[in-house]
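A single structure is presented below for examination.
Here the chain labels run A, B, C, D and E in written order, and each chain numbers its own residues starting at 1.
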Amino acid sequence: MEFSIIGYDPIGAWLKTADTMEELLPYRNTGGITWIQVKDVRDGNLLTPLIDCFGIHPLTVEDILDTQQRPKAEEFDTYLFITFKEARLRDEADAEPEVAQISLILTKDTVITFQQSSGISFDGIRRRILNNIGRTRRMGADYLAYLLMDTVVDTYFSALDTLGGRLEDFEDRALDENDAALIPDLQRIKQILLKIRRIIWPLRESLTTLLPPDSDLINPELEPFFKDLQDNVMQAVETVENYREILSGVMEVNLSALSNRMNKVMKVLTIISTIFIPLTFIVGVYGMNFAFMPELGYPYAYPIVWGVMILIVAGMLIFFKRRHWI
Amino acid sequence: MEFSIIGYDPIGAWLKTADTMEELLPYRNTGGITWIQVKDVRDGNLLTPLIDCFGIHPLTVEDILDTQQRPKAEEFDTYLFITFKEARLRDEADAEPEVAQISLILTKDTVITFQQSSGISFDGIRRRILNNIGRTRRMGADYLAYLLMDTVVDTYFSALDTLGGRLEDFEDRALDENDAALIPDLQRIKQILLKIRRIIWPLRESLTTLLPPDSDLINPELEPFFKDLQDNVMQAVETVENYREILSGVMEVNLSALSNRMNKVMKVLTIISTIFIPLTFIVGVYGMNFAFMPELGYPYAYPIVWGVMILIVAGMLIFFKRRHWI
Amino acid sequence: MEFSIIGYDPIGAWLKTADTMEELLPYRNTGGITWIQVKDVRDGNLLTPLIDCFGIHPLTVEDILDTQQRPKAEEFDTYLFITFKEARLRDEADAEPEVAQISLILTKDTVITFQQSSGISFDGIRRRILNNIGRTRRMGADYLAYLLMDTVVDTYFSALDTLGGRLEDFEDRALDENDAALIPDLQRIKQILLKIRRIIWPLRESLTTLLPPDSDLINPELEPFFKDLQDNVMQAVETVENYREILSGVMEVNLSALSNRMNKVMKVLTIISTIFIPLTFIVGVYGMNFAFMPELGYPYAYPIVWGVMILIVAGMLIFFKRRHWI
Amino acid sequence: MEFSIIGYDPIGAWLKTADTMEELLPYRNTGGITWIQVKDVRDGNLLTPLIDCFGIHPLTVEDILDTQQRPKAEEFDTYLFITFKEARLRDEADAEPEVAQISLILTKDTVITFQQSSGISFDGIRRRILNNIGRTRRMGADYLAYLLMDTVVDTYFSALDTLGGRLEDFEDRALDENDAALIPDLQRIKQILLKIRRIIWPLRESLTTLLPPDSDLINPELEPFFKDLQDNVMQAVETVENYREILSGVMEVNLSALSNRMNKVMKVLTIISTIFIPLTFIVGVYGMNFAFMPELGYPYAYPIVWGVMILIVAGMLIFFKRRHWI
Amino acid sequence: MEFSIIGYDPIGAWLKTADTMEELLPYRNTGGITWIQVKDVRDGNLLTPLIDCFGIHPLTVEDILDTQQRPKAEEFDTYLFITFKEARLRDEADAEPEVAQISLILTKDTVITFQQSSGISFDGIRRRILNNIGRTRRMGADYLAYLLMDTVVDTYFSALDTLGGRLEDFEDRALDENDAALIPDLQRIKQILLKIRRIIWPLRESLTTLLPPDSDLINPELEPFFKDLQDNVMQAVETVENYREILSGVMEVNLSALSNRMNKVMKVLTIISTIFIPLTFIVGVYGMNFAFMPELGYPYAYPIVWGVMILIVAGMLIFFKRRHWI
């Protein structure tokens, strides 16, 4: 587990890193804003100094340690607790989404973040604070919370973009009648969409509970930012739904392409059989060994039979053609 | 980027066009209504004078510049921000809908519109103001906003009409059993419908937030106009849903027509085989080379076999006919 | 266009008809109730005297003239505006529903109705007023509005009854395996149901806005009547939904009947082939011309081969029978 | 039509029956509770004394006489009107549910019930009142209304139990591959479920309107009873939904069983053909009459050909076995 | 039936067990918290002392005794009544979920639990109280209720985990084309999911009614615990929905795998027939017995026919290969 603390105010900013929480707590920026970052959360015991210092509720600690926690936001007496998940999807065709949980505690002047080891690094935000880029240093702890959440929500869009690219691939392949293995691949994409939706969907509700009229924790001045965040989450949800509809469209097209192709094959094969079976009968007739079969002795019988058979084939082909069977 | 400004009041109206915003701002009509039109929005920097002059929130600027923005309406302290999209569909069978975003800022006496280069021209409304046609000159900025939105909502209906025409085409072709390529075409129409719905649907909510009890920005006198707008959007949404139901009906009819046709083909072919296979067996019997086959020496055996075979064919045909198989 | 005016109060009633509105307006019953009927609405100009006299909003006029208007109810300062549609379905199997729009303006003491030429005649209600049948003469303008709407809602039930009859027909035919053309017919019924639902559904909402708590325009004494009307509309909506479920049931039954039948045909045909193919092989064996085939010289070989073949056929039939294939 | 009146209070109870209402009205129990039972309601005229005596609204009378009325509850000035339906299902496999309408008027001290001739007899409740079993005699008219409704709701559960039994039957038969006639039977059950749902569903809403906060007609002390009733109705609704899901599961299983079976049949038949067709070709080769076919004169040719053919069959069988086709 | 009573307060705790309720009631802990446990509830008469002592409503008693009761929560004057169900699923592939009902009555200082014989033992909680592990002894009766409910909710997750394991199994087997018997197994899992959902779903609502603003029975300090419980229930519901979606995905994959396989088989078989049928015709031609067939006498005719036939087979194979049919 890695602990670091960033203190900042409009005038300055500093960063300290340590292996235990005890060493860091004295560096809290009492006059300004403090951001405590806990990476690779595994052992609840190491969090004890933090828990005691901020009066964190035992259930919150449980939620922080449980990496299967459903995204949610909860208001406590002295702090606001939000837990959500990032989603990343590598560009390779078969990759599964990587999900990492981020928990965030927001008090009046402090933000504490808890991340899994595989999670996103918030290095960009750190740099902006330390180098005083943008307005972050001039704003409160709630603005920092907004920035962190916004960074995570952006991961959804890049994951969805990657997925959108795969979907387009499948859209092209769906009509290629030779590709029978598409259904399991499409089902896999569907599972990924389900997984991402389960991450994004509850976040939408959580954000609602952060904003008035449900809550008054966020500075009214920051409301447009959180509304914007909510808009983005909503847009991500809609993109997921949209992809699901496209996906089922692709499936339908693919199934109908496959069945079309099968039907064509069977039709051609059946037509070949249908043409030869009557001919086989005719040659069978003149293979009979009856003593009295006048045709057998007739000199032109053999070429006549050939002619008849060619006529039959031609007739059948014309008949099939007229009915648009071939 | 193109900037223009229209000032008007019941007495007069003027229009000025320029390449930068700075040149235009002094021409704002302080006593009457001002409409600032920004076309081909690309570069946020050129908007700076406008942003400063009207105190536009940074998030609003972001939404204006992001052409992928989901339609929404937001109320700020000094202005109302609405962003929505127009949809146009050319009359050719394969055309995709062209979507262009329009953002609108409404203050007490000013309307600012931001459009993409490909967007609709509001020339008709300009002409009505400059030539004092209709009541626009006598009304406030909110009526201008209504007029602009109404013009955009009308694009939905013309796009849906075009789509409706294509659907009717497909309805006729669905039953034509030879048209196996319909499914991908229908899927394409479905995608277009999804795209249009994603444009219209959020506008419905946005309009709700503009009207009482949610908001009191719009002059109560104009309420019937906005209600009417809402009605139109609702009607567009319903038309989309309706088209989707028709579409899936067409698909079902088409699939059942295709499978019907395939079945007919297979049945005919199978019946031909079924008729000849027993005959082939019979002629095979008399093609055997046994030394002692009494029938072979019997003079009328050959015509009798023919007769038997004709009887069998007739019997089978009658049997099939009775069972309505042919 | 046809104009008529009916004035009535508990004591008397009179009817006047004219070709222009101007002639009729002086006959308004200032002390009692007035019903102005405009039939075959086409030209907005002819309505000008009416519009001016009652202060009708331009948007209301637009809605009256637009025959594609979605049913809705709107409250204005001095009047209530309701527009809805009647639906009639002739008894012939293929008939499409005939839809005609009716708009109604209700003020404190006046009802104005606007109808399309093809619309319902309200002759029954006229007669009840003129001949003082029932309580209409003793009630206010809102009761007249109720009566008119009730008459229109009744058209839905008779249209739905006709449709119900057709559905029952199809329910019987769905199991008749020879009827392959049912799907397009069922799709047509589905379209008609969709059309009727689009007429009825928005009326449900409209009626809600007429009643408390949403509105207080209707005399509280009349509330049970409007509640009853709402109940009827609700019942019509439910009937439509019900028919749709029955319809999809009929479709499923029909599709499974068709595929069942196809399967039976193919099975019989395939069984015939399967029985004769081994026999054809056997007779082929003894049609070979090898010099040394001991069986050929054996005197009982021919009847033995026949016996073997009969045994094979019997064996296969028993096998198929046992497995319930025939 | 049959009229009866039961008057009761904690001290005593009496029952009177008559053919007209006039004879019974004087026996109303002014100090206690009165239950007026009207059975086999057909003729509205005979109800006139009742209507006048209790001031029943004309629309209520209409609802009582219309046996197709959708279940609903309505509050009037002096009484509460509830109409609902019972459902009974006989135990035979094909029986349709029998539906009978019951209307109930509840005033402060009187309950009036109107039943169809085929309806449930409330003899059990009568006996409990007359013989003073249970607490009914000590409670008010609202408790009697609760008892009557509870009796009717119980009919739903027994009907659903019967239906559940049938469903279980079908669940077993669904996998029996020889049963091709299941689909129409299942559709019939689906129709019955739809019918029962249409009866139960609106009752749920009706009960909501009886209870606070929507109404304050029911004695607060009786609230738990009506909540319990509502619970029961809810449970009936859920059972219906549950059955519908089971039903569609059964359908899917059955369809996949049928298609499985068909596939097996076709596969076996096709395999038989496939085995014999190459053999038939081989024997055809040696049936050719060429002058120079060296094999024909070779003494062991015939047994060799047999050997080759047996090898081919064995090879094909092994191949099919390996691929799990047989 | 088994009765036991646990009394506890921060200082001490005791447990008494008896066969009748009368013996236990004097041991209620008037100063602290009392937990009365009734196991194997069957006979309502034995509950009478309890009912009288706590003033339990007759409907509550009915609900406790009815093991088919739908989960619900109800507030009475002196107590809160909650009934819910546990679900357990053994690890064997075919096991059905075992469901047992638990009813809980919560007063200010007492918790009474009623369990079915097959139900969960709350031994863990007993031990924590008696040995003073954790904070239970320091908290009120509502915390005990929370602990009990939490224990039951945990059973859902372990049942769902078991089910999830089975589902994963099926996911692997779905693509294995030889496994035709999957559909009924998948249907069985679907039934189990339905059963579990029916248990969990109503609990979600019940918990809502326990918490503010709907109720104020729970100590505000305990709100986070009950919110957490609600979160867990919600997560269980979502897991069920998720499994249902996965299930239908597995079904689709399986059906498409089965039909794919069938199609492959039929294609191979049909291709074999198609190749041999023209050859059989050719050998049939030279099996004819015409007197004048010049080819028959030509010495190289036989090998030439073989060559032609080999060419035909090769041509067909190439044709099929090119079209990707084999």
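Convention: a contact is a pair of C-beta atoms (placed from the backbone, for glycine too) under 8 Å apart; a residue touches a chain by one contact, two chains touch by 3 or more.
All figures in this text were calculated on a predicted structure; none of them were measured in a lab.
K.L.:
Among all the other chains, which ones are in touch with both chain B and chain C?
P.N.:
Chains in contact with chain B as well as chain C: not a single one.
K.L.:
Same or different for chain A and chain E, when you check if over half of the residue numbers at their contact belong to both copies?
P.N.:
Counting shared over all numbers used gives less than one half: different.
K.L.:
If you average the CA atoms of chain A and of chain B, how many Å lie between those two points?
P.N.:
Computed value for the inter-centroid distance: 26 Å.
K.L.:
Which integer distance in Å separates the CA centroid of chain A from that of chain D?
P.N.:
42
K.L.:
Would you please write down the residue numbers of chain C that are in contact with two or more other chains?
P.N.:
Each of 266, 270, 273, 277, 280, 284, 287-289, 293 in chain C touches at least two other chains.
K.L.:
Determine the shape of the graph in which chains are vertices and touching pairs are edges (line, ring, star, complete, other).
P.N.:
Shape = ring; chains linked end to end, path closes on itself.
K.L.:
Mind pulling up the chain B residues that touch chain A in the complex?
P.N.:
Those in contact with chain A are residues 57, 59, 62-63, 70, 72, 74, 76, 178, 180, 183-184, 187, 190-191, 194, 198, 255, 258, 262, 265-266, 269-270, 272-273, 276-277, 279-280, 283-284, 286-289, 293, 295-302, 305.
K.L.:
Spell out the part of chain C that touches chain D in their complex, as residue ranges.
P.N.:
175, 224-225, 227-228, 231, 234-235, 238, 242, 245-246, 249, 252-253, 256-257, 260, 263, 266-267, 270-271, 273-274, 277-278, 280-281, 284-285, 287-293, 323-325
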